[in-house]
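Structure incoming, see below.
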């Protein structure tokens, strides 16, 4: 069962254990905690080449990059009980390990275990946060994740029952109906993690209730893991199922966009927009081989800018934030970072979100046909209306006094650096995906 | 081997019954119990596959799934207790801080 | 793994001994059919009870019955070790934990009544799921009789479900060792989670 | 030199950095040299020093059919850069006075710099990928500048209207960039058989380009955002919403004229769209009670003339008129801005009247712009409008005569605005009005623009110099007749309209204040918010509903996957 980057997973789990073992002294020293987590994430990235197979070291690099940004945010993580900072860091590292397993697992059981690790740690990461809503959101997410886990396991059972093996069936293998049913059930389970309509409910509430740092990490990690898993699984079921996924993606994109248009609260807006992005990703996945590269490109670009947005929001408090309050709550630098992030998510060139959209629609035009593509493009450009809604208010913070401060903004800077890199040399990432 | 057919049908019905239970129940703990039924349905198919294929792997997988189910139940009950901490008895539809 | 395979699982009565009869006759000759059907009926009835029981205590008891009947079913399906695991982990641990939680809850976990509309839609959607599953499984179910009645599929190897066989599967690096090891981070998450949730509960 | 011009969009960066970081005390001052350099290089290029050139970086966006970073400098882009540079410098200087004391002045100039950079990139873009950056960039800056005064009511709404209309155009252009066959995307080779071989062929490409252009240039049903865009500061209205950005659609169609000419239906559609919008804009301009909105509808109408020229297969005429419109419309807006500034921000015609005594210079500037607009003989508008009508008489005579009739309306509406602003009686409230003194920074920029409004036509008359220069890109005919039958009629109608407006304004005590119409965009906006709220309300937070929907979703996906 080659394909799993053992070293990376071991580094992350060891990091989690270390953080827990030193929980006492680390509770007060926030930056030491972040540094320790960073060490293990960087070690995991360095070890990614060993054992990495399908999904490649690229997915591991991206996951580790998301972890790095989120770990830089742990000092400003809003917890109900501040002593639980080490637990949160450990859960974060384990969520990263789970994502790696989900994305690169050598067989379907490994991928299932990975997804379960990811979804359990996501729910826990969020429930440790401050505020009234987290328990409710985490429980909803958990129940729905459990339902999708049962779908995964039932699907796994059907695949095993039909083929006698839990390896990924080779593409083009003879399809009995029960095998197809198994693959469909499993992909539906992974689609939950992607937050595809009509399986998006739990993820939606989790994204909007969690503290920004936790929500951003959960969002970026689960999307990445789900995309890579689906890219590996869905094409096996054949072109007609690819089309079904593509259409579900279109539905999701339209749904998320419609719901986001009227939102006047930043976190809920981002949650709905995450649904819309899941739709675009599924459209790419449904476009087959050409779309797969676009989907990976999209999810990495999206993850980078989503991390930027959530890093900018981190520390703004657990309550709902209306657009008008944003500048005052965030201050100069975070407002600017939020502007850039929102513009990228809206698909304003030359930011990465725009490149991602360009990469996407060529393959959907070929595979899904003109009408879905035109509808998808319409949803994509309509997103500009809601993403850019708060931006004039944010720009008006340019009046606010403020100097560039590195302390406390490390997460913003790291995510900003990633965004900048993708802005200037998008082709480099593409070359990594598609050598 | 009509037994295979019977067991396969049973697993499908169990899966749907469990799902119906998750939909009907309003008590978080009861919801979790119904999820356990759904997990059992999946495990049953694995064991059945092991018998049909004459292959031990299915049973080994079923054992691993039992571990997953245990982890799931522990976390789920913990989260349910957090919900119960404030309200009694808990209706899962009642807390609606996140919506819209 | 938590369950030490201390003793051999009950050996299953092997139906594949002797020459393979023709398909129609074998269909009638499955000697375990009766017990399997009985276990299935119990499992289904107890599951229904879990769904419909008023009050959580009854549901837990029904879940216990369900778990036991599933364990019996495993044993009948030549999966002795899994049956033991089911007994230990499910009946012994999970259901008991459920019982504790229900007992801990203030009014015994009493449940509000569901409105009729909710019941109707719930059952309708459940039926829809069953119908969807049937689209996938129906042909298999009808084909299974033919497929498995043939000589190749019918023979259940005599060693199936032995501790040694499952051990080989679980601890062979080329088979299931990796997923087996990967349950470690999962269990770690569960441990951290339960401790952290307890601590979160304990603070004002 | 061509290389420098290709990278000219980077010239705004020093000003942007110096201005926005506060290194230069007076914001905006640092930006002017960069634009001045851009202007002088482009004029030098046009004057004969430059050769067409391209800049090419391979493999920049490898996922696109044509992912090169391709810049192209030729006569058309150099001409556009010169127009941009000239108007931009005037607007910069003007804004130094107009925005003085505004707390957001640094932000204002930063946006202005970004806009000039994006517009410069747009016109030197060699392929669709680069074009998209400039295209979306100018749209976004336009939004930020429309919503610049956030505390004023409805500015955000107006900006969102612009974003929504621009999004339609962006969508069309994104589709164009991704659906062309592999290797295609160069704007000059889009019409080659290998590039029109995809689904839909040339007709699809033409349709997408037309949609993109009409969104940017406020044509047809997508006109709505331009009048609302007047919520922004007046210098912005002059630069972005009159002279440069809104003309980008015309520029794009002129650039890709050969694609359109592969599809006769597309050409007729553009011609009809242009004529219809020209007349509609003129009628709407007659009904406005707000000075800036009147001018905005006039812009819509003039852009309609340019679209008609594209449809008449006369891209040169379109570009020629684009140049003169940039001069006289910027002049009109800046003069109007001076009036508004003097009145302390009042824009309604009812607050004006009888200003000729107080600001004779501004009145003269406005008059020059107005004359150029309706085609007073020997002004810029006279030549360029004639070129359009001439081309139309060859292809679609009926449409061309409609345009001639449109000149009557042009004369009337601009006359109405002129006389209502500077003559007529002041309203009673205006009796004790205090006029702010006008800084010289507001009046000096009017001089070059007024000169341009009068003299611009002579770049092509009688020598045909501009036409010869643009031949490689627009395949223009170089002969420019001095006088034609239709031209005389148009001239007469324009004079009648202008004079008639003056007579009408003298008779009426006050110009009729048209009520602001409820626009279908408001309705659409409210409807979309309502739809959005109802979709969001489905996420009602009930766990039971969520589980139900999830299980149903599982069943549906299962059936779809198995039966699909």
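Worth pointing out:
By written order: A, B, C and D. Residues from 1 in each chain.
Just so we're on the same page, contacts are C-beta pairs under 8 Å (C-beta built on N, C-alpha and C of every residue); 3 or more make two chains touch, one makes a residue touch a chain.
Note that the coordinates shown come from a computational prediction; the quantities given were computed from them, not determined experimentally.
Contact with chain B and chain C alike is made by A, D.
Common partners of chain A and chain D, by the touch rule above, are B, C. We define each chain's centre as the mean of its Cα atoms; on that basis chain C and chain D are separated by 69 Å.
One inter-chain figure worth recording: chain B and chain D are separated by 62 Å, centre to centre, where each centre is the mean of the chain's CA atoms.
Measuring from the averaged C-alpha position of chain A to that of chain C gives a distance of 33 Å.
If each chain is reduced to the centroid of its CA atoms, chain A and chain B end up 26 Å from each other. Chain contacts: chain B has residues 8, 15, 18-19, 22-23, 26, 31-32, 43-44, 48, 50, 52, 55, 57, 61, 64, 68, 71-72, 75, 79-80, 82, 85, 92, 95-100 touching two or more partner chains. Annotation for chain C: residues touching 2 or more other chains are 118, 121-122, 125-126, 129, 133, 135-137, 140, 175-176, 179, 183, 186, 189-190, 193, 197, 200.
Annotation for chain D: residues 533, 536, 539, 541, 543-544, 547-548, 551-552, 554, 556, 558, 562 touch two or more other chains.
Contacts from chain B toward chain C in the complex involve residues 1-10, 12-21, 23-27, 29-30, 32-34, 36-37, 40, 43-44, 47-48, 50-52, 54-57, 59-64, 66-75, 77-82, 84-85, 88-89, 91. Put simply, chain A touches chain B in their complex at residues 109, 112-113, 116, 120, 123-124, 127, 132-133, 135-140, 142-143, 146-147, 149-150, 153-154, 156-158, 160-162, 164-166, 205, 208-209, 268.
Note for the complex: chain D touches chain C at residues 544, 548, 551-552, 554-556, 558-559, 562-563. Remark: chain C residues 1-3, 26-27, 30, 32-33, 36-37, 40, 43-44, 47-48, 50-51, 56, 59-60, 63, 66-67, 70, 73-74, 77-79, 81-82, 85-86, 89-90, 93-94, 97-98, 101-102, 104-107, 109-112, 114, 118-119, 121-123, 125-127, 129-130, 133-134, 137, 140-141, 144-145, 148-149, 153-157, 160-162, 165-166, 168-170, 175-176, 179-180, 183, 186-187, 189-190, 193-194, 197-198, 200-201 touch chain B in the complex.
By the touch rule above, chain D contacts chain B in their complex via residues 533, 536-537, 539-545, 547-548, 551, 554.
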